[in-house]
Amino acid sequence: MQFFSDNCAPVHPAVLAAMAAANATDAAYDGDALSRALDARFSALFEREVAVLWTATGTSANALALALLCPPYGGILAHEEAHIIADECGAVELQTGGARLIPCTGEGARLTPKGIAERLARIGRSVHQTQPHAVSLSNLTEYGLAYAPDELAAIGALCRASGLALHVDGARFANAVAAHGCTPADLSWRAGVDVLSFGFTKNGAMNAEALVLFEPARAEEARRRRKRAGHLLSKGRFLAAQLHAMLADDLWLANARAANAAAAIVAKAAGARLLHPVEGNEIFLRLTPAEAATLRAQGFGFHDMAPGTARLVTSWHHQAADVAPLAAALAAL
Amino acid sequence: MQFFSDNCAPVHPAVLAAMAAANATDAAYDGDALSRALDARFSALFEREVAVLWTATGTSANALALALLCPPYGGILAHEEAHIIADECGAVELQTGGARLIPCTGEGARLTPKGIAERLARIGRSVHQTQPHAVSLSNLTEYGLAYAPDELAAIGALCRASGLALHVDGARFANAVAAHGCTPADLSWRAGVDVLSFGFTKNGAMNAEALVLFEPARAEEARRRRKRAGHLLSKGRFLAAQLHAMLADDLWLANARAANAAAAIVAKAAGARLLHPVEGNEIFLRLTPAEAATLRAQGFGFHDMAPGTARLVTSWHHQAADVAPLAAALAAL
Amino acid sequence: MQFFSDNCAPVHPAVLAAMAAANATDAAYDGDALSRALDARFSALFEREVAVLWTATGTSANALALALLCPPYGGILAHEEAHIIADECGAVELQTGGARLIPCTGEGARLTPKGIAERLARIGRSVHQTQPHAVSLSNLTEYGLAYAPDELAAIGALCRASGLALHVDGARFANAVAAHGCTPADLSWRAGVDVLSFGFTKNGAMNAEALVLFEPARAEEARRRRKRAGHLLSKGRFLAAQLHAMLADDLWLANARAANAAAAIVAKAAGARLLHPVEGNEIFLRLTPAEAATLRAQGFGFHDMAPGTARLVTSWHHQAADVAPLAAALAAL
Amino acid sequence: MQFFSDNCAPVHPAVLAAMAAANATDAAYDGDALSRALDARFSALFEREVAVLWTATGTSANALALALLCPPYGGILAHEEAHIIADECGAVELQTGGARLIPCTGEGARLTPKGIAERLARIGRSVHQTQPHAVSLSNLTEYGLAYAPDELAAIGALCRASGLALHVDGARFANAVAAHGCTPADLSWRAGVDVLSFGFTKNGAMNAEALVLFEPARAEEARRRRKRAGHLLSKGRFLAAQLHAMLADDLWLANARAANAAAAIVAKAAGARLLHPVEGNEIFLRLTPAEAATLRAQGFGFHDMAPGTARLVTSWHHQAADVAPLAAALAAL
């Protein structure tokens, strides 16, 4: 059983079925009926009017979001281990036209109002220093932590007070919502989020993310930037179909809950090995090379991290029965 | 029956089947077995070693290709009606970091060695003038013309002599190959092409294009630029699967031949109405508003172009029986 | 006597004196007293509140101006022979982050409302086409023509009606003002101009241009972009001093009148040789290679243009007595 | 007496005289005799063939240098307090097209081979992580430390071994050379430096820096990038004249020695207050607000830094007699 990444997981059958059903002649790009229905569909989910653009990757969603929020001569605060800093090969710099990513620190890749405020205080306000225009955070964080609504709202309040926009990289947004049993609104606009990259690909879709704009007036610019970025797929109906399938009957939430539940089982078995609390579907733990080899010999796949540590990721398709052997193997180490 | 665009056409069943078959756990991004097999698969097709990157859109393929061939302070010659100038919202400028698209003219959106040479002659060589580094042309052209191997080779020779790289936007490359009954090699590297955007989406795939690098050493940079552009899909196996399905048993060629054959039937019926020779799967013709209305009343869908003209595009799924009613309707106008 | 370019002319003694006078300890960058006095000084000249930034080159003034007026995904209409298109090596693309320069045509490098309107009409409004955000024109034009206030106002009105900003490349703005005997206001904000590159270097300064913002709220962004562009000189007082010297006693106007007067003498002698009316300080004329050689043999320096044509530029330091020999030589050809 | 910055210092009389002497008609841009003589003049100074471009600011020199050494998708290691990170408002990002500045740490803003190696070791090599292409360091550092030739050579060796180019921000390069009594070659190409920003403006010039390319083949690209950046001044002879004046009779070295000597006097008086050794012309010291007020009441001007600290900068025009009162005042605190 593989626990490399939720990117490696299969696509949910309902998503595949929806894509097959979309295989009829329709308008190109995002002129099709499915794409045109997204704003309304997501507005219902978020309990307010939003504009939504599909895009095929989380990296493009993040970079386009930040291009809307920060000018080329501005800066974006993010955790130094944030995906946009550590794992997107300069995508934000490309789409923003060279904005600066300003690294912050924080336990478990989690930003705090205090940490943000301290970083802000170190930035001179003259024309010589890059001025911050936005904060970007990941929920789940890169170490699997889930900001709670009130934690996020505290950051949102600081952003408002500081004249900063707030972006959430929600590659695992569904897992965060599931973790806190709250609504999507609670972890986004109600907490002061301006733009959300709402990930579906890791959660059962094939290649569809939703760029959610809580200020719909931004959509015109966003759509032009998406085209310019080469991200306006010509048969966009197949991306829209994925999003509709994921929202139908709250499949997105059920999938996230399943992944979180599987992770909880593993976490319990990992016990004192855990490097971070397991709040979503990622498990970071101490594992010696010998222990890692032992697990791999039993057929478990996962990524090594810093020496002596490893990451395991559960996914929507992992049932309790699937992770039980892993939990047992961990306990037996 | 719709003739708006081959972007509106359905996905070929073999492609859908291949995608479904790829729905197993595998490595993320382009580390999966299908992606890793692309270089060899395309090298066989092109009769030489090539490196191939999948990407989800033709716009991204074109822009990434040109970013490899032209520095930010350089220029790219292309027809003034080329897709990269007229219909990609500045994608080339984004990926190249601000290179200049230098518009050329030519009948039917076709470049000629003479036209290129004349345009080159008008560019001063001092530091004040943007220097050309590449030529980009579309085959099929934006008006459906198909450069023949020798025509392309003449341009390739001029490029070599002028120190310019040569890129082909092959959104309908398959149709061009089918039109001339030649090999993919004849319309690419043998004619001096450095990088080819080989389109599959319009020809039966869902969202997969091949960026073909005839100098494989460029692949390292290309892969980093693709990631930076947000075009490295996390479940890339589903794009690779499409390309493999399209190459299997030369489906790409069969599909293109079908589309071309359908267009030929329509073209014959259109007769003197044609604005350009129909060499591939696009038909541009004179059509008064009244005539257009008459056709639409019979259920035929297509795009208006300049006043009094229209474009119809046939696709892989149009059989002779499908276009016969259109041909009859045109003849009856 | 040299007539290559007003860039080759000497610096006016009053400018040199002002620079020497500025050679005392003062604040760095633009914090010095001279720099801080520029807004008020230019506001008086323009009869309204303006914000002014010095910069060392016309190219930087133009590119920074357009970066304020056009987003990276937008386009800027300009004459195909405009300096920003033909002679600035992509500076606008760099500063705007890749905006598109959209070439227009017009006799003598002069834009007209009709020409602009026709070009606009050819641009589709969908997400696929780069949308125009600004018009940039040169006054004097690249062929030495001087837009009159009403001509400019007609273009300004079209821009307002079309939602476009208007920039003037005024490398020879002083010559245009002198040509029409109007005020600086008449050829700028009163005619609908948003940002003006007001050139002084060609007119007696050493390396100082004024970027004039008729909406002072743009200054904050402009100052940050100037720094980012490397154009915030650390001893800025020496640029400010030049501008003050040029404005004192309307030296800028006297210099421009002198240059224009000298050109008029040459133009009269050139007679039917003129390719364009001489409205400022540039003379474009027909000249066979043999004739050009004859003039050069007499010690006159100038640039060849298209075969059989030449450009001569007079400058602030050319007195009537200086150009009389040239006029005589031309008449004698 | 002011000790705010060497940017505030006057221009040396020899420089002013050379500029006045350049005030004759000559070719525009860098086609004049003075500009054309720079390569040879600097090649003699550096004891090898170099190509040199004048530019008006250190920021532009740095950003252009790094644009030559790092692609848009690459990264540049620099100290987190380096001027290019902390005080240039994103200039490097602009000129490189969005390359990433990767912050390193080190006492006194000094990089060490160990620190660089550790930072390198933390960067993954996959396509997801921005790959370093260059190291940039400041000599003097931002805290006035002077890398010695062997220290620099150790970094140069690491760069070569790691496939990284090496750039030196030499805004105070002259002070570093003076500090170590070595040759310019010792602190540049002999130590593995590829491109040097050789500052003159802080050291007695008005607005002229030399971008020194130790691989002259880079000059063609550098000249095009300079023009595109708006940094090709039209009357470039006045910048070239400054550089020639500074090199004549080693004025650059005499000026730097004077500034360093003045700083040494102040440093001796500051004693235990010093935050960093004073190796060049910058003094960083502990100073309570009350003490700072005391000094200011006596007419000494300087910048506050972090709370309880201050920076004083001596300059070429500070004689021993000029700094004696400051030294006395410091000793008397």
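For this structure, a couple of remarks:
We call the chains A, B, C and D, going by the order they appear; numbering starts again at 1 in every chain.
Note that contacts are C-beta pairs under 8 Å (C-beta built on N, C-alpha and C of every residue); 3 or more make two chains touch, one makes a residue touch a chain.
Bear in mind the structure is a predicted one, so any value in this text is a computation, not a measurement.
Following the contact convention of this document, A, D is the list of chains adjacent to both chain B and chain C. For the pairs B-D and A-B, the larger set of C-beta contacts lies at A-B. When chain centres are defined as mean Cα coordinates, A lies farthest from chain C.
Annotation: 50 Å between the Cα-based centres of chain B and chain D.
Spacing of chain A relative to chain B, judged by their CA centroids, is 34 angstrom. Annotation for chain D: residues touching 2 or more other chains are 29, 72-73, 88-90, 94, 97-98, 127-128, 224, 227-228, 232.
Looking at the complex, you find that chain B touches chain D at residues 29, 71-73, 97-98, 127-128, 131, 221, 223-228, 232. Residues 2, 4-5, 7-11, 16, 19-20, 23-29, 55-61, 63-64, 88-91, 94-95, 201-202, 206-207, 224, 227-235, 238 of chain D are the ones touching chain C in the complex. Touching chain B in their complex are the following residues of chain C: 72-73, 75, 86-90, 93-94, 96-101, 103, 127-130.
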